[in-house]
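Look for chain A in each of the two complexes below; its partner is chain B in the first and chain C in the second.
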Partner chain A sequence: MQKDIKRLSLILLFMPFALWIVVLIALPHVGMVILSLQEKIAPRVYQYSLHNYIEFVNEPIYWNTLLRTGSISLLVTVLALLIGFPVAYYIAKIAGFRTRNGLFLLCLIPLWVSDLIRAFGWILLLRETGIVSGLLQWTGILGSPMEFLYNDAAVIVGLVYTVILFMIVPLVSTIDGMDNSMIEAGYNLGGNGFTVLRKIIIPYAMPGIVAGCIVVFMLTAGSYLTPILLGGKNSSWFTEQIYDQFITRYNWESGAAFGFLLLAFTSLVVWLGLKLSGQSLSSTVAKS
Partner chain B sequence: MTSSAEYDLECINVSKHFGSLRAVDDVSLKIPKGSFFSILGPSGCGKTTLMRMIAGFNDATAGDVKIKGKSVLNTPPNKRNVKMVFQHLALFPMMNVYENIAYGLRCNRVNKAETDRRIKDVLERIALPDVANREIHQLSGGQKQRIAIARCMVLDPDVLLLDEPLGALDLKLREAMKIELKLLQHQFNTTFVYITHDQSEALVMSDNVAIMNEGKFEQVGSPQELYHVPKTAFTAGFVGDTNRWSGRVVATDGETVKIETDTGLTLVCKRFGDTAPGDSASVSVFVRPEFIHAAWQATDVDGASGDLVNHMKGTVDSLLFNGANSRVLVRDGSGELIEADVTLTGGSDDIHPGQSVWLNWSQAHTMCFAS
Partner chain C sequence: MRISTMLAGSLATVLIATIPAQAETLRLMTWGSYAPENIIKLFEEKYPGIEVAVTFSNNEEMIAKLRATGGAGYDLAQPSHDRIYAAQLEYDIYKPMDLSKINTAAMEPSLLAGVKANTTMDGKVYAVPHQWGTSGLMVDKTKAPDLKGWGDLCDPKYKGKTSMRLKRTILLGTAFAMGEDPFAAYADLSKYQEILDKVAVKLIACKDNLKAYWKGGDDLSAMMLSGEIVASETWDSTAYRIFGQNQNVVFVPPSTGALAWIDTFALPRKGKADDAAYKWINFVLQPEIVTMMSASSGAIVAVKGGKDLLPADKKAAVNAAFTDADIANLKFFANIPPGVEDMEGKTLEKIKAATSN
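Take a look at the complex of A and B:
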């Protein structure tokens, strides 16, 4: 009797999670796999084939876009790490207790505003009649208005800005767990600042670094709004291709295949990253 | 004053102020080569701050720190040949034992073959020759302790600082490590500066101990001196167990001070700090339990030394049996409890609770300090 109640409560507690996984994650993906393997041979007549995937391989514009998305995402990840690490280190180790909470809150506040509004913020700054252009003209550096939007740099800046928080949070929590005396020991035993950083702080923070990189890379490669709004027609982001297939061309089969290719590609990159850094998913993302 | 090169470590009038707080206040010390020096004090007395100034993690507000006769005030921590064993050891968890010990050698650009040789050598000296490839989390508490010491000793430091490294160990291991640390110090023949709030650690291991309180050194001396000839009330109360009364001086002559305690007891003291307290000064009186003899009758003159004796009558409140270290708690007329060491043989003449006894102790073992 007691055992049954226990089991029942376990099932009930587990139910929302199970429902979420099955209904919202597993089922749609299974549906998409089936969809992606179908080829339209006549109106309302379909057959199973790898046609959609073959089409992706045969059309350079598709896989070029995917590679471009991947490499820009990697660049964004590296930039977010380079900018985020000092910030996280400052918050976790250097700032006083009060400043620290304030700084952490400052990092979080932008998240209260939607992605869309934040992207428009960048547009206000960077467009031809925007603040940056105006300021440069006022100081005399520019003679005429200049367009800063719709290029790769704008996309990268916007993406780094959007995702950097997801780098800072895991980094702060791992660096925070590091005993200060470990850094002092590093100096005491004769290391200079660079040795301590390279041999002690970075290896210690590695789980946080990898976790942050995975999250940031996945978010960037799968982002849609920022590249479209800041990069315009030139952004050639892979999610845009997927959107096109689904919405503009109404070719769901091909869109589903692209979606899977993006998932496979990012998973491959993450797997490679884990192999190279000698970490595992359970020691990084699962921890922080 | 002898030439300063004979001292591995000197602090000259060192102070550290945090705002208005004087964490370390005008402290001077000299530690001869190859000795084991302890700084003993309650938590918050400034001993860790002093150690951090020696290691270079804090700057001194005033004063000078010299290592082997040379001032190190302008030397950054990584260039000082002072190594430190941290309170929680601070072994690097992402490296194995070999890497932990090799870290310092690599920072000093020692070549691979020499590194291997020195690590092998130091692991043998700490009696852990086979652990080089173990991960830190695979070691026991005592082994970690020894690796932390080895990591410092492999660099051949002038001074090794130890910041309460035994604090995290359980009692039994702590007892064993005390002896082991002393032996390691003999073996390496390096100057050890040991910081602790545990008096037994300091007394057992040290050649010299400094008693620190509120940022100042109360007294520096050998463990025996501190125990038997304390110079201040703080030292007398902090080192070793003691019975304490507070009272007022009623009469003095050259050698003895007569005191009436707040509870109405009259005692004669023969031992005090540098100067005898003046008439009607308020004083603290200390008597160690091992000098109080519980007996069936009062004695006036100590049989062995011929000293005059203080005595009082009381009732045995309880026995604290602990083998050879047994104590008896005696309640005196005013209701205060006094501790005295007793020998319990298990025979019929042992003291039992409820009996009335006389407590006798010689005037020479009665210490008083102005308070």
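Take a look at the complex of A and C:
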């Protein structure tokens, strides 16, 4: 009896998670795989083939866009880490207990505003007749209005701003767990600031760094609004490509194939990253 | 005891709420400004049994949504006239209309005939016209007085000061500007591909001249009103709206003819409230509603004398833009045959991915 209740509660507790995985993740993906393997040969007539994947390989525009998306996402990840690490370290180790909560809250505030509004915020700041350009003219640094919007730099700035929180949170929680005496011991044994950072703090924070990088990279590569709104004439983004296939070209089959290629590509990059840094998913994401 | 009565009570309310009462819902999928609050309110006052639920969308999304459900989820949709035939042929998402239930006598005969010709399959009509408008150029006449044709957007005189939307409209406009007739070439897709290739070369060379590709009416308005650009490819309604704020910005029908679209009414195949849909169609064709509709959408309703029923400010903008010769020169979007979207999509990708410098 007792055992049955225990088992029942286990099943019930597990249910929401299992349903979520099966109904919302696994099933749609199975449908997408089937869709991606279809080729339209006439109206309302389809046959199974690898056509959509072959099309991707044969068209340089597609894989160039994917590589571009991947490399910009990596750059965004690195920038988010470089900016996020000092912030996280300050919050976890240097700030007092009370300021800490306040600072953490401040980091969260941008998340209360929708993606769209945040992107429009950047548009107001960066456009030719916008605030930054106006300010620089007012101070005399610029002689005439200058366009900061519609280029890759604007996209990168916007993306870093959107995702940096997902870097800071795991970093704070790992660095927070580190005993201060470890740092003191490092200094006592003659290390300078740089060696302490390199030999003690970074290795300790590695799970958080890797977890943050994975989340940030995945979010960036899969983002849609920011690159579309801030990007310029040449800024193609792979998710835009998927949207176009599905919506403007009515080509669900190749849209589904592109979706899978994006998933495979990002998974490959994450796997490579883990291999190169000598980490594994269980030692990083599961831990932080 | 208390609890059980409360439970019974709340159960009863739940039941009442789920049983469809007299109220019928008309699920309308339409464009951003085609179902303004004031018209919905008047409609619901006239037909107290019908509740209108509106979803705002655009051509591509309408078809994608209906395709996903096989035509269920909505009772009335408003795709453009060139988006009915191929979508119906490929995905079977609409059902034929019963014209006897529609006040077709009120409609502008030429537009009705045009839409019927475009959307008749196996002798059945799948759409009737609602509003029409054009795509053309928007020009600040104080800064670019001699900008007249699609190709002038690529004039180095206006380098960095023009914009366009990287969609099929500009492909077609540029083709006309180069002396081709893309709509005639729909019948021969290899000929159309040749035209598209030429257009792509032209637009890639033009890329350097543009400030940015606009993506929606809002960013186009912002660029134009701030003076960051002096001319752009545009929908006429966006130009009219800006004309209301800056009288120097006018809509210019390109010398090769403005491209005209007609947004229609079409019934999704699994729609459940056809009668309510017909009531809505007839309701919005009434003269006093037509004026309110045009005030909201900036487009001309396809009723007899629709241009005269425009609100005063829109009428001024239209008269500033169109002469009778321009109207006679309109190029109505031709039915998109299956496969053309893919060809155009590839061309657009090629242009977007190319670097001009």
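The rule is simple: the second predicted complex is superposed on the first by the 284 of 288 C-alpha atoms of A that agree within 3 Å, B and C clash if a C-alpha of one lies under 4 Å from a C-alpha of the other, contacts with A are read in each partner's own complex, and residues count from 1 in each chain.
Rule of thumb we're sticking to: a residue touches a chain if its C-beta (ideal position, glycine included) is under 8 Å from a C-beta of that chain, and two chains touch if they have at least 3 such contacts.
Since we're looking at a predicted model, the values are computed, not measured.
Annotation: superposed three-chain arrangement on chain A; chain B versus chain C shows no clash, the two fitting side by side. Of the two partner chains placed by the overlay, only chain C lies in contact with A:246; chain B stays clear of it.
Contact with chain C, but none with chain B, is seen for A:44 once the two complexes are overlaid on the shared chain.
In the superposition on chain A, contact is made by A:65 with chain C only, not with chain B. Of the two partner chains, chain B is the only one that A:179 touches; chain C does not reach it. One geometric descriptor of the composite model is the angle centred on chain A: between the Cα centres of chain B and chain C it reads 150 degrees, in steps of 10.
Looking at the shared chain after the overlay, A:7 reaches neither chain B nor chain C. When the shared chain is aligned, no partner comes close enough to touch A:275: not chain B, not chain C.
Of the two partners, chain B and chain C, it is C that touches more residues of chain A.
Note on the superposed arrangement: chain B and chain C approach each other to a least C-alpha distance of 47 Å. According to the touch criterion, chain A has no shared surface contacted by chain B in one complex and chain C in the other. Those residues of chain A lying in contact with chain B across their complex are 179, 181-182, 184-192, 195, 199-200, 203-204, 206. Touching chain A in their complex are the following residues of chain C: 60-61, 63-64, 67, 87, 89-92, 167, 207, 210-213, 215, 219, 222, 226-228, 338, 341-342, 345, 348-350, 352-356.
Considering their complex, residues 55, 57, 76-79, 82-84, 86-88, 90, 92-95, 103-104, 107-108, 151-152, 155 of chain B touch chain A.
Against chain C, the residues of chain A that register as touching in their complex are 43-44, 61, 64-65, 123, 127-129, 147, 149-150, 228-229, 232-234, 236, 241, 244-252.
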